[in-house]
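These notes are about the structure you will find just below.
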């Protein structure tokens, strides 16, 4: 059995004295789109932070066969994992183009970076229009697209997406999810997406995990979870 | 129930200990050192006041030395020009400084953070020049010399002071006076902080927008905080004038404002118990630094290094440390197993 | 009326004002650099600049030319700034803002004391950077010293701007200042960006000091204290959230103070600083973020 691209085994994480993850195990295969669901405070964001190294964590975290459990955030980025944080993390003082450029900060192949900038702007024509604008002046939806575009500038193998639908209108959210699915299907980009909007996430993903109080409560193929009424009612609220 | 009783009795014990130490000071400390202790008390009062403003309401002020000047000069002017007895001028000095504090609070409504710092800083920098300008009232560059110009109004002229039939030396009396007022001021601050006003202050500190949405009158709260801390500073300045028996522009430079701020942060912002330590730090550190070596520049070097070290080791000040130490105790007292 | 007005004197006073402003501007840029990355005004910036100036003096004393000492001191100051950040600021990176402010106050005393210990407090002088001959432009006499000071200040600030605008490292530095958390997620080493900021600030401070000293007949360890005041005031006037604002503000302040001192009798020399501060306060009440500052968007 081929080893998954990303593997978490019994991962724990805490914020100071408060423990947020009590042993989470999950995996993302090469080219898979996996969703992490759950109520507020279940530990979804913390799980992503554990992968990107921005929270104190312990346990086994392997990416492409190599352990990244002790890596600094910079090292995790270099390994090819791009994290789009909750709330977008827009660099508001910089222009749209500068936001993109900093996305490729760790890369050394300048020619390819320029090419990627063109390609990524192709996915998001609205951003191309606003290239020189200060990123802080963009709308919520545009900032989300910018955050996504910035992550793509890394040419990552794995994309960590935290609550892309937060605070956005349904039409915008649908458009963003469409782009994410296209990237996953056409370019084989593996995606681990955290979402509160369970319906949306289950529709887009092939597998899903439901977290509850820092642990995996339910896991399985998204199609099955969608059909399972008891799971939907107890964990997903619809 | 037993735990609450234990908690309360511990508190009472602490209060009793403080009062005992306060009352028995002459047995513990010499006459000479009581003077320094009284001086530390002045810092203590000013620091408690600044803590109310900065630690609890989140408004920065680099101008508290100037507010102390208002208090000190009010006292001195009343003694020299109006022939008041020095100790009776203290309340008026506090009120005068409180009013000026209120006026300073007005720009605070528009400015915040750095800009407020500049505004209060401007006030502190301008104060010596202003004092020199209105020389009719303030004695200009010479200042007002209480002992020379109004000796009869100075307490302890004969070297001893008799209060309610008890006689002590002048230095001990100044100590009792200063720290007595200090303890009362501390109690008042404690009551304020515990009560509704204290919660309002903290709401403004933590999020002005949230506080305003909850119905807090920002303007009133901020100016009140400035006025209150001004009263404390004024009282402190007045006591300083009484202790030194002289005021001049050099007693209240920008450096004083800085010292009070340092004492407040070292003591622990938003924590009252640490303020005593903050006052002692500011009072005794310069002297200790000189003891290390009096070679040119070395005391300042040591002084600066000490401040840096203390802040690195205790980023939340002495108050933060005290809170951390007391946490196991309070957690056990107030949380169920 | 217009014809009898002394335009020559005005032009001369403006240039003199710009020269003082230029010196303040380089220190103001240092303040902005640290304010934007670390979030505090570095009260010790002036003393660090003074220390650099004394290093320059020592170099000249040991035979280096003014300009040789100038560039070597800049390099030494950069390293010194990085060292100070690593030693003193890094341990309190997550502490409350006022704690960091107090640490910079501690640095103020420490650096001042060190300078007085290493170089005893006798007065010294630095040779002039430029010749003191006057030069005539459009019939008006100006001092080469003043013009040279303005030129060097502007050049320094411009070079810094170019660095931040057009280099990868400069971009990373700006990103770290704008949103440190998000910057870490693209691989920027935010901690080292802070150190870089302090190094650049120290270098700018050194330039400020080395331009201030020659204009005086002699200097001692109190050299930079007034400069810090004016730099701070000018930066706030222009808007401390941008280097452009700080530079514009200090240049403006320089001209303003000089004109006030020249044309308004009762201001004279003593009341210049209080008068300037009064003007700044008046401006702040109308524009709380400074003349060119951006009112910060407040996230609730």
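Letters A, B and C mark the chains in the order given here, with residues in each chain numbered from 1 onward.
The rule is short, and it goes like this: contacts are C-beta pairs under 8 Å (C-beta built on N, C-alpha and C of every residue); 3 or more make two chains touch, one makes a residue touch a chain.
Owing to the predicted nature of the structure, the values given are computational and were not obtained by experimental measurement.
Asker: Which chain lies the greatest distance away from chain C when centres are computed from Cα atoms alone?
Answerer: Result for the farthest chain: A.
Asker: Given the contact rule stated at the top, which pair of chains has the most C-beta pairs in contact?
Answerer: B-C
Asker: For chain A and chain C, let me know how many angstrom lie between their CA-based centres, rounded off.
Answerer: 43
Asker: Averaging only over C-alpha atoms, locate the centres of chain B and chain C and give their separation in whole Å.
Answerer: Comparing mean C-alpha positions, chain C is 33 Å from chain B.
Asker: Centroid from C-alpha atoms only, then distance chain A to chain B, rounded to Å. What do you get?
Answerer: 52
Asker: Spell out the residues on chain C that touch chain A in their complex, using ranges where they run on.
Answerer: Result: residues 168, 171-172, 174-175, 177-179, 181-189, 297 of chain C touch chain A.
Asker: Where on chain B does chain C make contact in their complex?
Answerer: So the residues of chain B in touch with chain C come to 54, 60, 107, 110-112, 114-115, 117-119, 122, 125-126, 129, 207, 209-210, 258, 261-262, 265-266, 269, 295-308, 311-312, 315-317.
Asker: In their shared complex, at which residues does chain C touch chain B?
Answerer: These residues of chain C touch chain B: 35, 41, 88, 91-92, 94-96, 98-99, 101-103, 105-118, 120-121, 229, 232-233, 236, 240, 270-271, 273-274, 277-278, 280-281, 284-285, 288-290, 298, 300.
Asker: Which part of chain A faces chain C closely enough to touch in the complex?
Answerer: The contact residues of chain A facing chain C are 52, 54, 73-74, 77-78, 82-83, 85, 89-94, 98, 101-103, 105-106, 136, 150, 154.
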